[in-house]
């Protein structure tokens, strides 16, 4: 199935972003805008921080605009001066992360100017950036997207989202497949995946929720997780990572996209999201929650697993 | 020495080596990812794609033990790893950009301190290079002075021919030994045409000019411009055939454990973090600057070589699309 | 006076993380009541189950535990008002994660044992020990600890011996 | 490098019978860091402790592990001994090889191996122990007492007599509470007001007591030793400083038909009123809901007749902030209202008994007012419906109490005794009347209680019927009461003139709201929870807050007074030192790592986590981090398990200590 996906609105979106960016920068409404710009490789984009209205024309939106730029708003990115209001180009999935960050006291809505993008989907990390968007080349997260149109933004280009072909949810299918296996088979699967890990920490570094100044895994008193890229330490790292994101992860799948070893990291996050939805009816969304599912409780919570 | 080896005989050669107990490392698919890995049969070799990690790990492993300790009572006993145990290895199907990096690494690992872990593996490994017939737009070997048929670093170099066989040329004693030990598998060179090599993707860059600009521009607005978006992961360094920084950590318990050496990357904030808490490279632009400086200036200063072979892996894996080829090109035009 | 040790092929290592107010006290009660249970369990005392980080469970398995027990106050009995409620959610999530990566949850037991339930402590510890004994050793993490990336691996006789001991 | 001393106790034979203690000592002696290892018959004995102290000094020990019984038994003992030898007490740990080993295993080999591992685990742990200085918190030696009933009054007087200032806050216009409403008290039948009012006067005159009546708690901030309490003093509309208490305003007030809550609404009062003649303070209050002036803007009679000009229609509610070091909660009880089910309440009504529908079905407190010499009937027992003297009276016990199907499972404790008292009072006042009591059990533990109860049957001729009433209805001017006498096994029907229901005791309305302001816990009925049912019955789990009286559970007067004095004693213990010492097992934030996500704050049940701004020398905000107030932190460590970057750490249970233990195994 190579059903094409209509991304014709992206040129109008690009034009609208440029116009709006120019306007708000010129009017001094924002000090900088984080967006996407073209880069050398054919069809590729890269994050850009625009501070000058004249440079607003560099901003684009294409199926290769894969990054979750929310990362650049967090404390983890000390290099970006967080002075004044900052504009940011966000897809629905990115916006969920921003909303999550607000719930964790990392961002304030008033410090942001949100330029929402009506999104028909972006490319998978496994294909060249110049590839056309189809049901095959689309990122897995986009097959399960419920947030194509971000809400409560300061600006959203006025374009009509094209109707999408029905796509099978890739994570749901894969999670179901793994759940049907025996524990030993699942262990074997993950062992093979985690063995590839080289601890480059790209997964951590791009995660908007990994905003800790010092990661638990970078501390050595005590050494909670072995730092060396050996199967044991790799497995521990990925378990700890998934647990720390449980109830926080907004589903942008950046961890999985950037993994140079193609480890399906977002599967772990999706699995946890699925469980937390079933247990506590919690889902990442567009509404700021004061407390996440693992920082609150009720006296009626499930305890069927406790003797 | 120039020879010809058919596809069939190459397979026989590798299988024979494996049977004899030589470790054969070749591009191989692992859970969907091409990696240089030991193969159990020549049929497992998959040369179609550039392996995701470079061939450096055959000499400079992702992680290796260098010592172990045990505490009993008030005594601590230490045990060294014996490099004599490293196996004889044939590294086959190595891309020119990967093979060319190995002699570059020789310089640093045999400089004032002789790294026995690297050198012992180097001594026991024969590298069979393979000319490159497929490139993508991340590739830039031609920009740094190499080309898809580059033989630097290879003990034996294979050029694929139209008949499926290979033109084969040895560039070292190790290469000759391999041919001589398996004479029946090698034939005299043929007139068969070679497959066309990969298209160059980039113009050659004047690396001297780049270096001289770097000599003068430790402080420059360029660094902030490039690297504010760098996220500080180690992906670029880890997939690089030439990056060779490592970390040493002790892992284990109070009673027993191991001292391990593993890859490190200058992009990590912890890389230059002092015990005092001070960090001379406190922000990402300073760290990224080090990456460029090390590759195109410091290494050149010390060893007269450039620490980049243009394999393009860092371009492909960078989460935020940082493209070293464009940066170096931009510097060369300054 | 000293009964013979029952011989088993395999003696599992059980690590228990318990809160000081309920389960630790319950285990004390089992002691003062001279109840008997298998000697496989090692108890780590915490102020509250709320203090127990999932990483500790992971660490215990990595350290060679064949079974892990986490036990605290019954809901509503928490000395610290709600620590066990937070723990309940945290572990409900964590066990799902472990299950997904292939850990057999039969090796991980959670329980509420009050200071008055010396008998329940004995029952929980005995059951887990017997269950894990029947399952055999937890080899997954131990094997993992021996594994190397291929490039760093050396097949030494010591390593072979270590493997055979798992 | 640590020099650890390990002391293995035989505990007589309790440990050594199953554990080879000498072998353990020998094995442990080989562990890295152990400098000294020995075994001894009784480590907790004086010679044992001296052995420990001597070894610390002679061997220059840096840490100590005592392998003996449960730390719950002797941790304090050994930490004290270690401190006496000059080490920080928190550098001593106990390895529990008795309750967790020698007593639960019979096989000597197994037990010895296990004991060695337990000790080894504690050896690794103790290496990571840090010197923990005792936490000291300054104490404001003033206390707040919430509730001016007998419990609050007693606690306030005891504390004030000890020389400390007390802020006494009462919601009603007068102190006195329920005890002031009672006629006589069991088991001595002395007049409640006669013993109560002198205490009320003592409160009014006490130089150390600051009384706020008609006031409520608005906000409580701070922690033990350092609370800031905001009190809302509702507008009385009468200036307390000017009013002389002459009462002219009340006699002239045209609104005279307002049901008086103090008299259970069977007596009437004026709109400007004091609830009862002996009220303290003797300053009237204007009930603004019923005052003509407030309703229509026309009247003002009281203002006109007031000589000193104390009436002030313009008076506003006032917010007053008081700093106190301790709080006694004595908010008392309320009676179960049987005819309605309050919204959100788990308690069902008792509509079948006609309370609120049949006028002559009353509750026990109403009976008290009828029997009271100063009550609305002048002490005569007269039915509310027609003022006739009831000749047949039925008392029904356990209305609400012990009725699981109605949502209350507890016993209200006082009803058996006050019903017995009611039958006596009735018999004394209506000589030809007959009292019947339906009861389930008679619960009369207490000094002279059972004798009192028997007297009601044997001398005062009350007829006790064991059984519950099944049906009750009005027939003419009689109330037909049907029930079963399960002792005899017959159906009983009584034509009663009046029925008195011994309704259950419940916490005051709004007890839960107050608990939330105070940060104390309460049970499903809203009774406040004590820190420990047996050993800390007057303390809340929240440090610095104490409980007195029926707010914690049903109680009679002597018990309430005892608990109030006990709470006062706790307050005085706290006030006996200038600095409060707390066990240093509290969480600390490592500010360098904290990113201010405040997950810790979200999970802290004590409100111990605050936000703290970090600024550079120029005053620019660098970041906002978490700060744990050591005075409030209870030491559960939930924050640390929740903190993603482990930037908050519970002293005494650090990750390093715990990981060291796991890794030792």
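In this document, chain identifiers A, B, C and D correspond to the written order of the chains, with residue numbering beginning at 1 in each.
Here is the rule we use: contacts are C-beta pairs under 8 Å (C-beta built on N, C-alpha and C of every residue); 3 or more make two chains touch, one makes a residue touch a chain.
All figures in this text were calculated on a predicted structure; none of them were measured in a lab.
Q: Which of the two pairs, C-D or B-D, is linked by more C-beta contacts?
A: Taking the two pairs in turn, the one with more contacts turns out to be C-D.
Q: How many angstrom lie between the centres of chain C and chain D, each centre taken as the mean Cα position?
A: 38
Q: On a C-alpha centroid basis, what's the spacing between chain B and chain D, in Å?
A: The separation of the two C-alpha centroids amounts to 72 Å.
Q: Taking each chain's centre as its mean C-alpha position, how far apart are chain A and chain D in Å?
A: Roughly 50 Å separates the two chain centres.
Q: Go ahead and note the Å separation of the Cα centroids belonging to chain A and chain B.
A: 31
Q: Of all residues in chain D, which are in touch with two or more distinct other chains?
A: 592, 603, 642, 655, 659-660, 663
Q: Where in chain B do residues touch two or more of the other chains?
A: Residues 62-63, 253 of chain B touch two or more partner chains.
Q: Among the residues of chain A, pick out those that touch two or more other chains and give their numbers.
A: Each of 216, 223-224, 229-230, 294-296 in chain A touches at least two other chains.
Q: Line, ring, star, complete or other: which one describes how these chains touch?
A: Complete.
Q: In the complex of these two chains, what residues of chain D are touching chain A?
A: It is residues 592-599, 602-603, 623-624, 642, 644-647, 655-656, 659-660 of chain D that touch chain A.
Q: Which of the residues in chain B come into contact with chain D in the complex?
A: For this pair, the touching residues of chain B are 71-74, 253-255, 277.
Q: What does chain A use to touch chain C in their complex?
A: It is residues 178-179, 183-191, 195, 216, 224-225, 229-232, 235-236, 238-240, 242-243, 246-247, 268, 271-272, 275-276, 279-280, 293-299, 301-303, 305-307 of chain A that touch chain C.
Q: Please name which positions on chain A make contact with chain D in the complex.
A: 75, 104-106, 211-216, 219, 221-224, 244, 290-291, 294-296
Q: Which stretch or stretches of chain B touch chain C in the complex?
A: 37-38, 57-58, 60-65, 81, 85-86, 253
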